[in-house]
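One chain, subunit A, appears in both complexes that follow, with subunit B as partner in the first and subunit C in the second.
For the complex of A and B:
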């Protein structure tokens, strides 16, 4: 830290001004607006000025909570996120362990493939998967001999397909992180465990796992945050939320309420609910980061 | 002997897994290179004997992907340059100066990264609608609106990450520069800026990828100006049930994926090192 000089505050403020301006205008103000809109009856007529604004207080939230559809979508979102997180962690952790057991050439092959999946833009990835699983021209149906079977018609099959795509593009982050974590465990620790007569299984559960715990918490919570708000994959692969909206998740639901049904107030209240839920997860995330040694 | 066998099995499994993971990308490139008749064949084969660039030509000419590609590049590059400049200044202020409210700002930067930006589509849509009346170029239906939001979304992380790089440059260097008569401003741009170049590259790549991949905001903001669509949106527009030109769609996907893939390979070492570093401490 530099010793304090005269005029420091003013220069610092000048350097910070552009960033503060952008963040206040395009993040701070919209957050305030989101909450505000959610408290009004705000539809197409209000937007065009044809009808006066009515303050509803928590009316939109009351309506939301009384909707069967909202609870169904919330349940679907939680279930979908849970499957994605579990899949991502299982695949990522298993492959991280596998990567420690093979020679460099095999590891590099795996990492290169994973890097490709990781780097693929969500829109491109979803489109590729749709084509691979296309009812008539898809390679998967050709291999399985099920030509003509639609993978996006049935609610749960469609959800499964989207979840598989999400796992495909998000397991590399978990794998690379956990691999780096395993590699950063000092060799002496493992040697000491071996000298003490610990078996491979014993070493894994009572030496490696506790050491990786903080890291596991971080990747889990990070995955929860990501998978809870998947938009692109669900929107593209199920054509905007599936037939009659049966593949909706909260994010897509909020979007459809606002921009398809012009119920901006209701859409905003879904956004607020989602933000609050994620904020709760985030508090846990910050605590985990703190524990794993990140300093402010 | 036993050990070698088990390692052999593990390596076999690894190669199979790698092949499965890479398969969708292989299929994308393969489909883009297949002649049209082979793409919409009832029994697709995992190879082609007559590779052709027809699909790329169709994607770029008939469906004017070239235009959308250019739009995507304009948005991403503008976001990268602006975010570079603004986040570098902010990071320098946060590490090289002591002032009141510094810690509060740092905590806010961290918290703001956790806000699900997807929830902000509604207020941002109305904000961009008002901006359009004042400065059309930065409002709805214009690329400027996308530049603005992605700049805002990429700043918190960019500042947070650059802070570490700026802090790693010894303070003695600044003292020496001051003794040599360099102004604070000159030190900033001629000494500090080149020294944190690796950090700038890493943050730029991440900002680029975010702006490049965005689908939601492009879909929300560019509603009635087809000429201002970006690549992700254009790609989706051409996915119509039963009448898809899959060859052209896969060619477009390939064009969209390649830049990101190149950048990922460039920064992958830093990604891994950064993550491992966060763990070790």
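For the complex of A and C:
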């Protein structure tokens, strides 16, 4: 390793400056605005200049955290996101392994189908799923012979359906990433394991998984962030949060309570809370990994 | 050291701008007499006839005003909130004249969007129905000319009622037993199509029982949705969303359109529908097999107060062509074009004499006119109503009771609390 000289840090900073500037502009400024707005009573009247601004300090946060509804929705969101993340990773990983084991034409078909799901815009995908699961005219009820059964009425059935849709449109990312990861494991490593007499299961858990770990971390964090922030699927498939709002997740709740109602201050505070939670999840995850000796 | 510098930098930024952006209040525009007058109207499912009438008005207006062109844009009802908010924040992209829903009025006026109108110089104005004109007022000042009014009444299937030898309900509390009998005799029919999100179908039940959404207390509103009268109405309505009348799995998620859709599809024996639904029902499988009566009130012979829905025409505060905008509103919102709009779209006119004329020529309108004459009600006229509407307070209340197994007293108390929070109580 080269000895560090004085001034290296400054040069490094100079090299990083353009990227930092872009980050500050694109990320820092919006977050700054978000935090700022969350400290004010900021509604449509204030935006268009019809009413004076009132500084509330942490008033919006106090109001938010004192709502039972907020905590219920938060819990629901965490549970929903957990199920979606687990489902996405399982399906993605299973199909990635499958892709390494089948012939080219089968793999091509699998990839094309997955990319189709990936490329479908969320609004279109959700609407198509709704058509498929329509109570009276849906294909699924037709096949199952359950015409008239509403897939979006019961709380858990509705959540299940939306979770399935979320998994459907996000597993391709996991699959493609892990497939690339598996393919990049040098043949010699696997060959060596085989020569040492390792079984398939042993190879998978002791050789492949550790090598894939950095990738798994990335796709997990990505999935957590995506699924925690899910909006479109819930908003469209449950008609804005289900019967009496029992299928609400945090983002839809924020939209309905705050932005549709022009309470931008309150909405911004929900946004800040979500950002902090996601940052905490990410940081906690990274620290846990570092402790277990993984270098990123 | 570095941290100190960074902290100082952050501190400086925070100090530099410690308030979110505000656009200045809309300039009360000028009064140019030429150029382009911009108009926003709502898009409709079947816009053709509306567009034809509007085009006729535009041609007449342009002929009367040298050097003036009128640019009409049709905006989507679903995205109106975003469009209007953007227009209020940026007067340069705002129209001069706009059509808007009367329940949005108070919010728009508080947002600084619409200018007060002086109807004193307008001879037509004296014939505007007072109760309808009230839906265009905030604090006694007129901000919108009622362009048309919409009221709801009870549609029922004459063939089914005849077959089962039934008469339409004479009292509000006869609806549930009647609907139950129909569904028992015809299990694939909804006794009455009642939606869990159908606020304006449910509110007449509350009003008929002597309840209301809120009452004015000084200059503030206080919710009364948890009063015994209001709860009696809510109980009567939510009773309809049950397996033996309108199963929650099918009905709890429905708003007004979806409720009427079930009737159109021939799957419901009754529905609360508007005069504006008539044309679409006539083009459905229920055509020729239905009749309409006013929704009955608490006692026989009464009519349940209906919600006075409808759209207004207003002039934007930032308009730089104030006189032209006023004149265009009076032309399009005036008697002759309201009459033409009725012929084209079936929209009920807001002038007493014009309404009487069309009612005489169209007996099918009779139940709606009688409902109007019996007196209509409205939502609280406050900008907070937009918030309560957006937060879906009333639909949530209906759904909690009808489908969530929630106790009515508790749900109503919660809704009242949420409303009072919005009213700033």
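One rule holds in what follows: the second predicted complex is superposed on the first by the 240 of 296 C-alpha atoms of A that agree within 3 Å, B and C clash if a C-alpha of one lies under 4 Å from a C-alpha of the other, contacts with A are read in each partner's own complex, and residues count from 1 in each chain.
Quick note on the criterion: a contact is a pair of C-beta atoms (placed from the backbone, for glycine too) under 8 Å apart; a residue touches a chain by one contact, two chains touch by 3 or more.
Since the structure is predicted, the reported quantities are computational estimates derived from the model, not experimental observations.
Q: What is the contact status of A:226 with respect to subunit B (first) and subunit C (second): first, second, both, or neither?
A: neither
Q: For A:260 in the superposed arrangement: first (subunit B), second (subunit C), both or neither?
A: After superposition on chain A, A:260 lies in contact with subunit C alone.
Q: Looking at A:139 after the superposition, I want to know if it touches subunit B, subunit C, both of them or none. Which is it: first, second, both, neither?
A: The first partner, subunit B, only.
Q: Go through the superposed model and pick first if A:153 touches only subunit B, second if only subunit C, both, or neither.
A: Second partner only, subunit C.
Q: Quick one: classify A:61 as touching subunit B (first), subunit C (second), both or neither.
A: Neither: A:61 stays clear of subunit B and subunit C.
Q: For A:246, using the defined touch cut-off, is the partner it touches subunit B, subunit C, both, or neither? Pick first, second, both or neither.
A: Only subunit C is touched by A:246; subunit B is not.
Q: Report for A:33: first if it touches subunit B alone, second if subunit C alone, otherwise both or neither.
A: Both partners, subunit B and subunit C.
Q: Identify which of subunit B and subunit C touches the larger number of residues of subunit A.
A: B
Q: By the touch definition at the top of the document, which applies to A:44: first (subunit B), second (subunit C), both, or neither?
A: Touch status of A:44: second partner only.
Q: Just to be sure I read the superposition right, which of the two partners does A:215 touch: subunit B = first, subunit C = second, or both, or neither?
A: first
Q: After overlaying the two complexes on chain A, where does the subunit B footprint on subunit A coincide with the subunit C footprint?
A: Shared contact residues on subunit A (touching subunit B in one complex, subunit C in the other): 33, 37, 47, 239.
Q: Give every residue of subunit C touching subunit A within the complex, in rising order.
A: Interface residues on subunit C, with respect to subunit A: 13-14, 17-26, 81, 85, 88-89, 107, 110-113, 196, 248-250, 252-253, 383, 386-387, 390-392, 396, 399-400, 403-404, 406, 422.
Q: For subunit A, which residues are in contact with subunit B within the complex?
A: Residues in contact with subunit B: 1-2, 4, 8-9, 11-13, 15-16, 18-19, 22-23, 25-27, 29-31, 33-34, 37, 47, 95, 98-99, 101-103, 106-107, 109-110, 112-125, 127-132, 134, 136-139, 142, 147, 168, 176-177, 180-181, 183-184, 214-215, 225, 229, 231-232, 235-236, 239, 251, 254-255, 258-259, 264, 267-268, 271-272, 274-275, 278-279, 282, 285-286, 292-296.
Q: Going by the contact rule at the top, pick out the subunit B residues touching subunit A in the complex.
A: Residues 6-7, 10-11, 13-15, 17-19, 21-22, 24-25, 27-28, 31, 39-44, 46, 85-87, 89-90, 92-94, 96-100, 103, 105-107, 110-112, 114-116, 118-127, 148-149, 151-153, 155-156, 159, 171, 174, 184, 209, 212-213, 215-216, 220, 231-232, 235-236, 239, 241, 246, 249-250, 253, 256-257, 260-261, 263-265, 268, 271-272, 275-276, 278-281 of subunit B touch subunit A in their complex.
Q: If we count contacts the way the header does, which residues on subunit A are in touch with subunit C in the complex?
A: Contact set of subunit A toward subunit C: 32-33, 36-37, 40, 42, 44-51, 53, 55, 135, 148-150, 152-154, 239-240, 243-246, 256-257, 260-263.
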